[in-house]
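Let me begin by handing over the structure; questions about it come next.
Letters A, B, C and D name the chains as they come in the text, with residue numbers starting at 1 for each one.
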Amino acid sequence: MAYGLHFIEHITPEESLLRRVGRVLAQGETPYQSYLLYESRGFGKVLMLDAEVQSTERDEYIYHEALVHPAMLAHPEPREVLVVGGGEGATLREVLKHPSVARAVMVDIDRELVEVAREHMPEWHQGAFDDPRTELVFADARAWLEASDRRFDVIVLDLTDPVGRENPAKLLYTREFYELVAKKLAPGGVVVTQAGMLMLDRYQVHTVLHRTMREVFPFVRSYRDWIPSFFLAYGFIVAAEGFDPATYSPGVLGARILERGLELRHLDADFIEAMFVLPRDMRAWIEAETVVSTDARPFYLTPEGEARVG
Amino acid sequence: MAYGLHFIEHITPEESLLRRVGRVLAQGETPYQSYLLYESRGFGKVLMLDAEVQSTERDEYIYHEALVHPAMLAHPEPREVLVVGGGEGATLREVLKHPSVARAVMVDIDRELVEVAREHMPEWHQGAFDDPRTELVFADARAWLEASDRRFDVIVLDLTDPVGRENPAKLLYTREFYELVAKKLAPGGVVVTQAGMLMLDRYQVHTVLHRTMREVFPFVRSYRDWIPSFFLAYGFIVAAEGFDPATYSPGVLGARILERGLELRHLDADFIEAMFVLPRDMRAWIEAETVVSTDARPFYLTPEGEARVG
Amino acid sequence: MAYGLHFIEHITPEESLLRRVGRVLAQGETPYQSYLLYESRGFGKVLMLDAEVQSTERDEYIYHEALVHPAMLAHPEPREVLVVGGGEGATLREVLKHPSVARAVMVDIDRELVEVAREHMPEWHQGAFDDPRTELVFADARAWLEASDRRFDVIVLDLTDPVGRENPAKLLYTREFYELVAKKLAPGGVVVTQAGMLMLDRYQVHTVLHRTMREVFPFVRSYRDWIPSFFLAYGFIVAAEGFDPATYSPGVLGARILERGLELRHLDADFIEAMFVLPRDMRAWIEAETVVSTDARPFYLTPEGEARVG
Amino acid sequence: MAYGLHFIEHITPEESLLRRVGRVLAQGETPYQSYLLYESRGFGKVLMLDAEVQSTERDEYIYHEALVHPAMLAHPEPREVLVVGGGEGATLREVLKHPSVARAVMVDIDRELVEVAREHMPEWHQGAFDDPRTELVFADARAWLEASDRRFDVIVLDLTDPVGRENPAKLLYTREFYELVAKKLAPGGVVVTQAGMLMLDRYQVHTVLHRTMREVFPFVRSYRDWIPSFFLAYGFIVAAEGFDPATYSPGVLGARILERGLELRHLDADFIEAMFVLPRDMRAWIEAETVVSTDARPFYLTPEGEARVG
């Protein structure tokens, strides 16, 4: 270990990550979060939001491919896509790879952070903010959705975890919010969300989201991938009303990847299928969950990462 | 974060894990390594060897099921099994779950550590050391194998990574060692080894082992699983001479699990199959590797985790 | 820096000490505090109480000489001495070096910790617990003093800082407690107390104690010494009713050291005098303090080290 | 403790300081050292050079008053003053407070660092770089001194410790260097140097410097002060050829402070005298030292802080 600048990152209440920090590129506090962008040897640029890593230059492709393509590929021809959150612009970038997309609306509450990303993180957005199909909205996603009468083929929820009892983001994880999302899906629409870490005694973001989405959607499917810079296996959930978004065979997925000309570094059809195969213990956690997050009793995490409702 | 006792664990040269340490149960230096066994809130008892976690009470079942059963299930009726390393006794425990096993030989160089495990880690071995089918040998595995004329249906290599230029364990990762292992396999035999972390720029233990084993075995298959307490996706390699040990269908695997009465907490047939499906980037790393570890130029890691040959 | 076991110690809310921990010798929780005794390379055995170092084998002589001898030497012939706290036994050891002492009563609330010290810390007590002049009492010091009708020539208060709003020890730092102490001093008696760290914006334990003792004693004198293992300049306060305990010249102090045959490793007459000379900034902090700790509004520290009253 | 940005600072090979880092103001690598200037809650701005704190906004007055004034006050009328090192400009600032000073030459090798200080650290230099009496030279001090024929009333050596076997700064700590310094002192001249930490088993910078200067100067006097942001008692050494620079009485010192109109926050005459009174153990370390640093076998520290010669 070296002396010098480090970031102590929260993982669990008892385990933290001590990361060597190189040159600091940007640092500040927006009205919504604190951010730090720095250079590292192993991960390139690293973006921290509050106490946790958000994404890194070298492995963001893993997270963003895993978040975006299973849902996009489950839809035969996604034209209208909504991204909620996703300030770095990489979720947008992956969405725009699908040639059928006519319009990609990104709604993020944090204008300052998006400006930091636009200026300092071109490796992430790669011009996606300036794509003519992109429509960038700075607003509270729930209020914006309530006021909007648009419908989307795919909705990608790329939100930070609801940390803190007073965090208004916890209202983006409730049954009522998913009901709103369901109303904004076009027929045949698909929604996908990042869904928290999946480990031993720290999986409740995932299981509560899964359980809550089941209240709204007939088909809810969990999958996971290992994100190197998170040092965690990370969960995602895809849901739909009229069909099961996880039942496409590798043959169909492979054909769609090919016909859309998707250049993927991490995923292929076989691996997409394999991500949906969870081990026994994880399946048991999901099946055993009883908590539904509601506006009246929303789910959140304490700053230490303990799950709470209320 | 709390004040108090912590363990700073090496993960990469720039990232360390800061783990809260509860009650210290055992601590010492054997001729081969230093050890620390302590209690934690999230993982129960935690065993550290030198600078790195070895296994924990709460999630050791994941590592040990993933290490043992794919190889054991690939063999139609494993009778004679050799475990190299595996001081905690949990690898042995999983091997002994297969009712066809008549004899399980465990060769570990570190008698003191095995005694610590026997006394303080009953949750791991669960009596496996005292099973009448167990034969416990304290010896250098390579010398013992050279001197022995026994042959095995399954050989499980459960070794620590070869850290340090002077570490004699690096001779348990060379082409010559695998040639020796191949000679000790009975017809239809299978060998499996733990095979290092698999992340971004830290995967060379895995890829060099894979490349080296290919020099010896016609069929070499990588798989991986996410080990919570390692905070890493971890690699394994299974190899055989006369057949491909990764081609059994979930149907066959499921039938064997059933007929052997295996009680598994983490694995089932579908998940075993899914573990062998690697993402594109990982497959590319394995394919691109050119280094073969040999007795003349053995592969090892520096204490900081950098890969070296020589 | 090395990987492995460390203790993260609280110093200020923003600065912590990261100490390499060797062999753990004793560890536990008494009804009053948690303790950890371990071996270190630079300090020998180290005793931690809760989040902070208490004393170390190699430099405890500095703290204990500085705490005990200025008060003992200010008294012409101390016969009856009371030590409050001082669980390691080293304060007692220093008191007993003065040949005039006929009786040394030590009142400590934490029997378990004293037993740990007796067994594992002979370098500290050096048999002091077994000295025929020693009288060991396990009790709350305030209650014991209230119930007792004994009087003492010197009273040494060797207490931990009052950390935590609910910490009953904060009642050992109030005006009412010092009034009780004053009543238990024999004519010509002297009281001395450890009195917290003295740094930049972290000195209020010292200044509030000084200000509070001024309510009770006509003569109150602060002095300080640098304690290596604390990585802090540390304050002490000596007080008396009938004379100024800091006015003895080096000549008198030197003569008393000689006639009592005191073997000192850290102090001599000149250095005792120099310890009472505080820099301008520190004197200003003491003079500016207005807070008096009372039973109604006792002074305490938050776990992070912020000063509070109430 | 909080999550987020921290600096791990070297203190001893086994103890490190973990400092919370706020806003990063400047960060870089000069040809001589790496630097980091950041904001902290307790110390204001903090300047780190390589792995160690250099000085902080809130307590730099303590270090700089202690370094400069004892030597300046030992001289009856310092006119020509040389500062070697002292890149922040605060040593210069303190020197210039003495009204007799006609010329203050500052020789520092690191132009880039001085420019960082000039721009970002006005609280330190307070315009001293622009004082008409200041002469700023960017050069290797030893080469510059060898080439110069000027003589000085007071020479202040404000150098970083000689860390690293290849560090050319170790040649600013040898007998030959002090011989050169002695030649550049005007009659009645005084030299003072910072002289390393003074703790338990980490005092050799101080004792070797003391022993080495004794080879050159008839009068060599150690003193110390506690520097809060260093979390250390820190040593200084003042030396002269024709008189003992530590024998002025508080009366004389007080008169000089008064007649020079010095506004001091930390020192006064009594405290200056008290700084020269060392405890028994420290005196013993100084007396026992036998190592003389020479050009042939210069003294240096390993990066971990171990003392070496050669």
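As a convention for this text, a residue touches a chain if its C-beta (ideal position, glycine included) is under 8 Å from a C-beta of that chain, and two chains touch if they have at least 3 such contacts.
None of these values were measured; they are calculated from a predicted model.
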{"item": "Any chain in contact with chain C as well as chain D", "value": "A, B"}
{"item": "Winner on C-beta contact pairs when B-D is weighed against A-D", "value": "A-D"}
{"item": "Distance from the mean Cα position of chain D to that of chain B, given in whole angstrom", "value": "55"}
{"item": "Between chain D and chain A, distance of the C-alpha-averaged centres to the nearest whole Å", "value": "53"}
{"item": "Sites on chain C at which at least two other chains make contact", "value": "1-3, 8, 10, 16"}
{"item": "For the chain B and chain D complex, residues of the former touching the latter", "value": "1-3"}
{"item": "Partner chain C, residues of chain B touching it in the complex", "value": "1-10, 16, 21, 23-24, 27, 34, 36, 50-51"}
{"item": "Of all residues in chain A, those that touch chain B in their complex", "value": "1, 8, 10-20, 40-43, 58-59, 62, 199-202, 225-226, 228-229, 231-233, 264-268, 270-271, 273-274, 277-281"}
